[in-house]
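One structure follows; several queries about it will come next.
Order as written gives the chain letters A, B, C and D; numbering starts at 1 within each chain.
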């Protein structure tokens, strides 16, 4: 899902670096940047990201638990390692892209994990969306091994990964952010520095919590307006010229027929799955509980997506909240 | 509060009519438009609105329960009536601007109310924000008297009323909408036709419900992000370039210091009071209950604004939700 | 549904009156009590209630919009009237038992309504569960006609109506309460005086709001405990010996198999329908909004029952909240 | 707080064991039971619990970070160790009573922690209320050291700890439960077996979640009823004879003046602090998120207690939800 709708943000790293990366496919193999680097986690997102690094001239050493995933990227030119430890032993820069906190913990701290073989001075870039506390723990352990860990979760879905237009939200010290930007900008168009380690996750979590709230809010509002007799397109128009407007009402409206080319007009296929939104809001809840920060609407939104997932909406786009809140009895008529 | 932030909406009535109204202060007294008209309810909003009608050449017959309100508008050139009935007996077009459903019911159906003296063919324009069911009842009774009633609640606050840049959301048949537009466009810049009677209220309620949700959502998100270590301005920037963006995060951010010239940067003074937002969300709840449409976040937002009002935030801008959700113990430190 | 689980409450009217009613079926026709009385609304509940009045020696004049309902009670010995007005013209005491506020308004204030023919000194007992503000309006109009109106909503379902063990929560002045008790005690076992008119409704609404909350709370808790590995019966036992215990956990547990003879162990058939609970919580919300009293959990419970009704649970017992919150994907396995 | 209100539960271990413990203060020092045992965490609760073990004839080896806490129990006859490791090296049975998950992790797995010196065959009884997943992790590590770990969180407050009438909810295998019961029954009156390790925590969390919900539900209901004109004592009476009744309405009513001897009638002093309830509901939320079980009311209750804590109610009894939801403007009048 394209969670970043505009491109107007001034990125804080220099345009020279961006040019270096985007402007040239004939990379000198003598630069540090073009040296061999690692990539762990070659799923729907990671596969595309790894491919884009290869396209930009990087020689990859990769690892994934799935033989199929490994095979595909091997054919694209990557070298294959037998464990995260082997990857870490052969490179000094690596990217990881994993589903959940537990996978990150295992890949980094497990028996044949990265930390069992990491080289001093290595740069470890984790693009997974996980608990910021886990990111911070990984960074602390990395420091103990003389390495640098940054969290760099992405915004933008599978298509954005394929087209190298992801946005990265990076947490880490300035020097690590600058170094990481060289690699991350090969896979995305925006690389935003959010502060120290964990802040990339924090920014991602915050954005998705507000998104999750706004989407349900828009769904309730569209449903209510229709029940009160308003035409859905007119209602969307009024909201979007008014103070109720939000990304969900403007560019991703959950009511079928209001906008073209969005999941709501395609039976909620594609897009950002409700189960994934549920997972992200779960991370937001864990973070809010630990931070002692009240999030009443964020909590309730989490519960609603959880209930939706339990009712079979897990694989549908999260804008199907509109449908979930509708009168199912009426729909059958 | 300027609830309409943009001016890009194509209004459906002809620019010719707008010109007629905005372009000329030398109105021919022979036209129906410039004939005497009525105005009932001369409070903070109504006073400015009536004044704008006078400026555009209308001769007003007014009524208000407050002697002070009446005196001020009399000095501006209005004639004063002793009751809503008297107003109705002397004009064939009138505007009402009242605080709540109960006031509208009394002014229209009460002992010396409008319906006790309304003339056939009269056009009754109610700009109050009330229960859409009450609007529909008034329209039904109006029909029985051979008159036409439209609901036309406004978006935009006291300043927008003063500057004649309100937006009107109008419910009523085409002919009545067209006729009403002549008058309403003297007091605002947008006059949107929302469908049959009651739909103006419905649109207003829907917008404010989504606004109320988004504002609390933004407040939770800003508070959480800060607790997680993010800089508030950076967080707002990230949200606004991402899928979390909404009117509340972009142009009315509730976190002090993020934006200038908004209530949050002025100790939540001015703006749109929490008590008024509570009232509007109460209308939304009543409408949703009657329409059997679930609004979980809208309901919870209503409860939060209600609790805020009970805790002394009623007179502060509704963006003070940010402050209400903060750790008050920390604030004291 | 037997919403009153215990019988230990000291009723405030004298046992002498109770004896009069319960102790004797051979009523002197010369007493006021045994005179002809009216009954309007002969549905599932009203039919049983009317029958019990007949059994206790009352001669009924009845009205219902349904010919079938009327026929059944006519065969039991009642006289039939053609309108509420006719009933009112022929008796000085009557009971009404109607589904919603709007029906009460129509039957009392409509064209051929009770107030068009009510006699001075009449006692009007409304057993419907409706908006307390409507009850108070009816009482005010009754006073204008020299009659007395009390609200007397019931607790206890169809079986309790049949067995004359309902509980009545009565709102009205002492004298009216005392007079009404004579009749109501023929249809129930408890007649509780709750204060002035409207307070019967208030008590009913309050009880059902807390019940609605507790039932969802119990459902969440049972579901969570099971997911965490606890045996449902053991969990219920622990809750019921602890501070978590409530009527829903103890005598109406929503988890199938924990208790016998409750709807949850009969596929949620019978009992108190989710649609009815939704209606009652809607009344609670309207009352709370008007009273400016925050009810966050009550509001959310209302939204959950509303969503359940929209998902086809309207006709199932409200304890099916347990099932609604379960993982439907797992259930299919 | 006495979270267990009744004593009617049949405990599953034999009365003989209970007699052994409760019936005799002259313990034979040759039995395993009376051998030296350990106690770590001597705070408000732990101090009383340790004292009761001493009273029943046990020789304690204790550890606490607070010198004051240690001094007090030393005077009562305990031996003092310099670290959890030292305790573990000197005994084969020990009890821990710590504030949060992080403390348990540190005391058990930290540098001088229990696991660094634990003896084979040891019985480790953790009475802290923590994340059940942490309990399970501790049990797994214990197994690796040939020791047995049970979770045994308590219900009942400081007074119950002092009077040895706590209830223990124990998770662990039968043999460990039986062994633990010998010790736990010296400090409480009920020792309930809840299943495998972690289930003690699960039961505690479930009970307190439902309690937290019911208390806010009761608070909303009492506030609403009062606003609607009902007498608080009468309303409580009606609820308690009806389906709305719960522990919070019956024995711990949050409305001042309804019951004597409860925190609400003592300005919400004493009892179970809102901050502690917030912590417990946070554990419930973490568990529910991990278990993918929806808890909408539990989540919202957590958020409300969190907001209360942020508004200075953290040290007041959790029944102060009644006060928090009241109109503070009215209270000042």
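One rule holds in what follows: contacts are C-beta pairs under 8 Å (C-beta built on N, C-alpha and C of every residue); 3 or more make two chains touch, one makes a residue touch a chain.
The model shown is predicted, which means the values in this text are computed figures rather than measured ones.
A.B. asks: Have a look at A-C versus A-D and report the one with more C-beta pairs in contact.
C.D. replies: Between A-C and A-D, contacts are more numerous in A-D.
A.B. asks: Please identify which chain has its centre, taken as the mean of its CA atoms, farthest from the centre of chain D.
C.D. replies: Most distant chain from chain D: B.
A.B. asks: Any idea how many Å lie between the Cα centroids of chain A and chain C?
C.D. replies: 53
A.B. asks: From the mean C-alpha coordinate of chain A to that of chain D, what's the distance rounded to whole Å?
C.D. replies: Once rounded, the distance between the two centres reads 40 Å.
A.B. asks: Touching two or more other chains, which residues of chain C qualify?
C.D. replies: Residues 292-296, 300, 304, 307, 310, 325, 327 of chain C each touch two or more of the other chains.
A.B. asks: How would one label the connectivity among the chains shown: line, ring, star, complete, or other?
C.D. replies: Looks like everything touches everything, fully connected.
A.B. asks: If you look only at chain B, which of its residues touch chain D in the complex?
C.D. replies: Touching chain D: residues 300, 307, 310-312, 314, 324-329 of chain B.
A.B. asks: What does chain A use to touch chain B in their complex?
C.D. replies: Per the stated touch rule, the residues are 1-6, 8-9, 132, 155, 167, 169, 190, 192, 194-196, 198-199, 202-203, 205-211, 213-214, 216-218, 220-221, 223-225, 227-231, 234-235, 237-239, 241-249, 252, 284, 287-288, 291-298, 300-301, 304, 325, 327.
A.B. asks: Which stretch or stretches of chain B touch chain C in the complex?
C.D. replies: 282, 285-286, 289, 292-296, 299-300, 302-304, 306-307, 309-310
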